[in-house]
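Alright, structures below, take your time with them.
In the two complexes below, subunit A is the common chain; its partner is subunit B in one and subunit C in the other.
== the complex of A and B ==
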């Protein structure tokens, strides 16, 4: 009897521990605690809620339910790697590390484990070269695209001529913050503007020196590569010195609601890039009714429709479309990570498809290939309307200058290939 | 006068103002270390917790609402009322006093006589515990501190000084919030000194700081004094949290302001209130002036953090007890 009970318990435990066979497992490396939680929570809510919508509305993707495995990284690289190691055994199909630091650590690991990584608008820029980074994708745009989009926007604003203009880059003094420097230096030479660089040390709570320097030097425009508290302080300091907000442009990680609300009305007119358009999409109403009202929201529901929520939802949509593509290519619904990689490499996002999904115009149209894992690189400019409390899209999607970026990507990825004995080629 | 020279003066003035903000954080460390010999690693988190509590009370937020909703499936967030700023500050002070009592009752009362390193470790645990409790109580989103504190450069100062230089000089920039912080810090320090000098509890606090056993032998309750000191440190943390939170919003990065206080303590000494003030001013001016003259033009900028520690290290080599710290002589 005793043996029977033990055997039954062991069987039960095994069944509980074993991953369910017909499930699409998607880890969510989130950060809902710590100094960067304000950015991590809405992204994660959007990411999870979209998959919950697919489960509730369509029964998952291609008939297979999606199972989210959330792991808290605290935006800490070591914890992020631990999360990867602890979740990959669940049958993880695709990782969205949501941190450049974690991405750099996961590139060799995920490549060895043959699990695709999607780093949307962050991570290693030269991963856009799919022949070197077979398992890493950074569509629809990367940091270097962002720098070029910002300059192209300023060119538009100045009738195509930036010669003699002064542009200051205020950046987080980290690998992330330094990413746009090479591109901006190349663009500075090409267009004849004067580029000054102002580094801000982590975490960025004290920026008086940098903004006094900006007040002294009076640049025409300030670009910002910030994250976390650095963004809120920078917006406040810019307002303090009376810098014209419409000439202050953050990148897409410096353009969420919480980046501007602490400064109140003073933040009105501040601009930022965005890789996805934020408007009231029909899909948000579906999420409200089928996920939130059903009590299945990932968070408390307060982030629905915010900039980073929509970005998380957009990332989930791109992952879901890649899985659907993989199912189509391989003719099976229960896909493996390698099949999802194939789906990502053959992904095509069209305006018609986005409209069909209830998010028309959320991102640019783009097609991924074996060679190009970076997408179109397009981004738009949005502006903060403080009285209405919303980010308003100011432009349509703007293309980057690929003639500047592609040689930089080729150079950097070739160096990576040589350091890691990789022979470039398609899988 | 040349614009460069005038801008140098501007940097010094702003360095002094920044130094006041650093000193505000350092004061809390000094109070606790002086009275109990504990280096309170949780001081930065106390500033965060106090500021979170202040905003939560002002906005009528239900504490632990996320937890309550998760357990009971409810959807409550706010009580539906707003509390006036001054009353909210008063309630926050009460919360910090309760926190001080709880820390004493549940942690340090059980660690009497332990090595300083054990007490330090306990404060590390306390810091992470308090950060987690703050998150559970008030949520992790960034909150706006609507105390109506003035922000932005003083136009009056800018216009009054614009004529001192040529066309390249735009007048001195002085942030109105920094001016308020300076006045608040002055009032706070005078109040603390007056409390320590002229009240019975203050004198008892000084007696404990001088010699625990002697204070105990004349009937002073160590337990009461330590609750008092932690309460005062909590109030100082709240003031620091308000001033820093007004700049960036109240968010979890606030706990990192403690990093700004460490070089101030190394320089000013761990046991001196005037030391914290003077140390803060020296660090503030030193780091800003170094960034202006050498860091930004020659070293690529972002030198302030490491320069502050380097400056403190130099002082430490020549005067280990800090500028105003008590020299410890142990006779064998």
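== the complex of A and C ==
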């Protein structure tokens, strides 16, 4: 029986792995199931729809059509590895797993296979050091930038002085949630605020005790590194204990519509960071007419224009720009993963280019180099307006304190390099 | 039709009590071993290794371990994920503390450490049984995961709380780390599985296995005829945890390479291994293999058929997988509590009596 199953699967696998010539293959490791699906689905929709738009409008990138291979990971690292292995044989150009856990799995594997990974605002922060992590990019910003941007915003609110303030960090008890702690500790020492850490275990539905502790300790501000169902529960719990919403700031993975709508009016005033501005871009109308109206929408098509949809679209735009750059550098349209890496390392995003693509001001201007894979690190603060049901950008892009982050990145990447016998250098 | 037993006589006790007394079974066993050791390593690629063979081999070790405890000794355990985590973290600490010692020794030592932890958490089984024991092992699961998250010594104080397997070699061939060849990953897991399976099979056939089964079938009666429940239960916990620890170490070091305790060794892992032995067959070594193969292959097969061949949406297929596994568990619990192994046993009996099965 087992042999028969294996034979059937071998047949299926060969059918699936039949090489498709002259296509740009982009895997989409998405998750539309499980406790993180609410965030995974709109991101994936935006990601796929943008490539569908490029196919419909421009015939792909540089004349080469894009083929998306979607693979469901369920935010689970084992399935993520399986997805990686099953898609890499098809000529995958770039991976964006949208999961810090899966990113940690893929960094060594993709480096050995020489396929670039783009982890936009997640993943391993020290990958910003391109000399150690040649194949990993995390522009335009990373978690340590986010922590610093949040603190800089609070500094601005408190006219430059946070000494004696109490800040609580509510975080997802995983590699993702633990990432900002080191930076926040350094910042708390520097600015003299008191940091308390409250871990929330996967999946995050149970947070009563954490919020009771917040009620007892009365911190001035609460920062949150949450994802999936954890965000909705946290916003609800904050409302339940009457924590002032304007002092509750989520990171950019804790600031989408579905995170705040379950709490209704009570969520009004909740703030979050964002690495991309969400407004009504002209490109969204193009997607509506060329992709959705043509019946090619990814998912159920209901997420168009939401925060995470726009971020997925932004990620796709950055990937497409990198591929275009690679085509320009190497003078061929059918690029390889190694060429895409070169394109990513030479990527430059300007205001003019963003405006040309119909998404003026969606992200900060930045340039990637061989040494710096991290981009500008800027983020903005947005606030939820419950009655209008929209996230309103509250500030312009705020710069992180690079003097704190850069030594930490150098330290962490040096540790990784020595553990793995990597000699830092450009490819 | 397949079994031709005429003339297959045993002339010594050794021949009569061998693992596979029927000649055809024996040939088949050698044939499978030959294919596994001599054919597959030459054809295996990254996808087959990482999506199918390596997880199957590792889960088979875990399932054998849990089967010894639950299937043979009758002690329900929901702590498998936690014990796998003990194996993984023990292996990691040993790998990073003693980089010059062979990884094989580290994996075996990780199994030994897990056995000690398992025996400690098995102590309550002397006083409580059934549901209550399940709850006690559930506590072990949550405690161990919490411990590996909380105490940063276990993950060498890394910022993310992840553990990463450094590159290690066996006879000059990398078996952990990103540059491992798929055949090397496959071979180290296969060797461990083969040794574990032979060990488990012979343990369960001997005195100690019989005392486990006596405890499982009726502990009071077993005690009256002279089975020491303390010894039987604690050895079951220790031996079971030893195998589970080895599987956890391999799972971390060879298969994933980087692990986050809550995600990789959470309660879902405990249930997954439990489902493997329920579907495969409680109290059967073959059942552990069948269950592990089934639950590793099912999602992959569904994905290949549903997404790649039929073009269904990925989320639909993922949900369908949950529905099918749930339905199968109910089906097996009601219709065939002894699982796939019992189906195979019946089929074999019919084949032996063919052409006049009854």
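As a convention for this text, the second predicted complex is superposed on the first by the 410 of 427 C-alpha atoms of A that agree within 3 Å, B and C clash if a C-alpha of one lies under 4 Å from a C-alpha of the other, contacts with A are read in each partner's own complex, and residues count from 1 in each chain.
Rule of thumb we're sticking to: contacts are C-beta pairs under 8 Å (C-beta built on N, C-alpha and C of every residue); 3 or more make two chains touch, one makes a residue touch a chain.
Owing to the predicted nature of the structure, the values given are computational and were not obtained by experimental measurement.
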Subunit C versus subunit B on the shared subunit A, clash or fit after superposition: clash
Touched partner set for A:426, first subunit B, second subunit C, both or neither: neither
Contacts of A:264 with subunit B and subunit C, given as first, second, both or neither: first
Contacts of A:216 with subunit B and subunit C, given as first, second, both or neither: first
Partner chain(s) touched by A:197 [first = subunit B, second = subunit C, both, neither]: first
Contacts of A:332 with subunit B and subunit C, given as first, second, both or neither: neither
Contacts of A:294 with subunit B and subunit C, given as first, second, both or neither: neither
Touched partner set for A:85, first subunit B, second subunit C, both or neither: second
If touched residues of subunit A are counted for subunit B and for subunit C, the larger one: C
Which superposed partner A:33 touches (first subunit B, second subunit C, both, neither): both
Touching partner for A:175 - first (subunit B), second (subunit C), both, neither: second
Clash with subunit C (superposed arrangement) - responsible stretch of subunit B out of 114-122, 150-158 or 204-212: 114-122
Those residues of subunit A which subunit B touches in one complex and subunit C touches in the other: 32-33, 37, 41, 173, 199, 201
Complex contacts: residues of subunit B adjacent to subunit A: 7, 10-11, 14, 18, 66, 69, 73, 77, 132, 135, 140-142, 144-145, 151-153, 170, 173, 175, 244, 247-249, 251-257, 260, 288, 291-292, 295-296, 300-302, 304-305
Subunit C-touching residues of subunit A, taken from the complex the two chains share: 2, 5, 8-9, 12-13, 15-16, 30, 32-33, 37, 41, 70-72, 74, 76-79, 81-82, 85-86, 88-89, 100-101, 104-105, 108-109, 111-112, 124, 173-175, 178-179, 181-182, 199, 201-202, 412, 419-421
Sites on subunit A touched by subunit B in the complex: 32-35, 37-38, 41, 173, 197-201, 203, 205-206, 208-210, 212-213, 215-216, 228-229, 232-233, 236, 239-242, 258, 261-262, 264, 266, 295, 300, 302
Complex contacts: residues of subunit C adjacent to subunit A: 46-47, 50-52, 55, 149, 159-162, 164, 166-167, 177-179, 255-260, 262-264, 266, 293, 297, 299-301, 303-305, 307-309, 313-315, 317-319
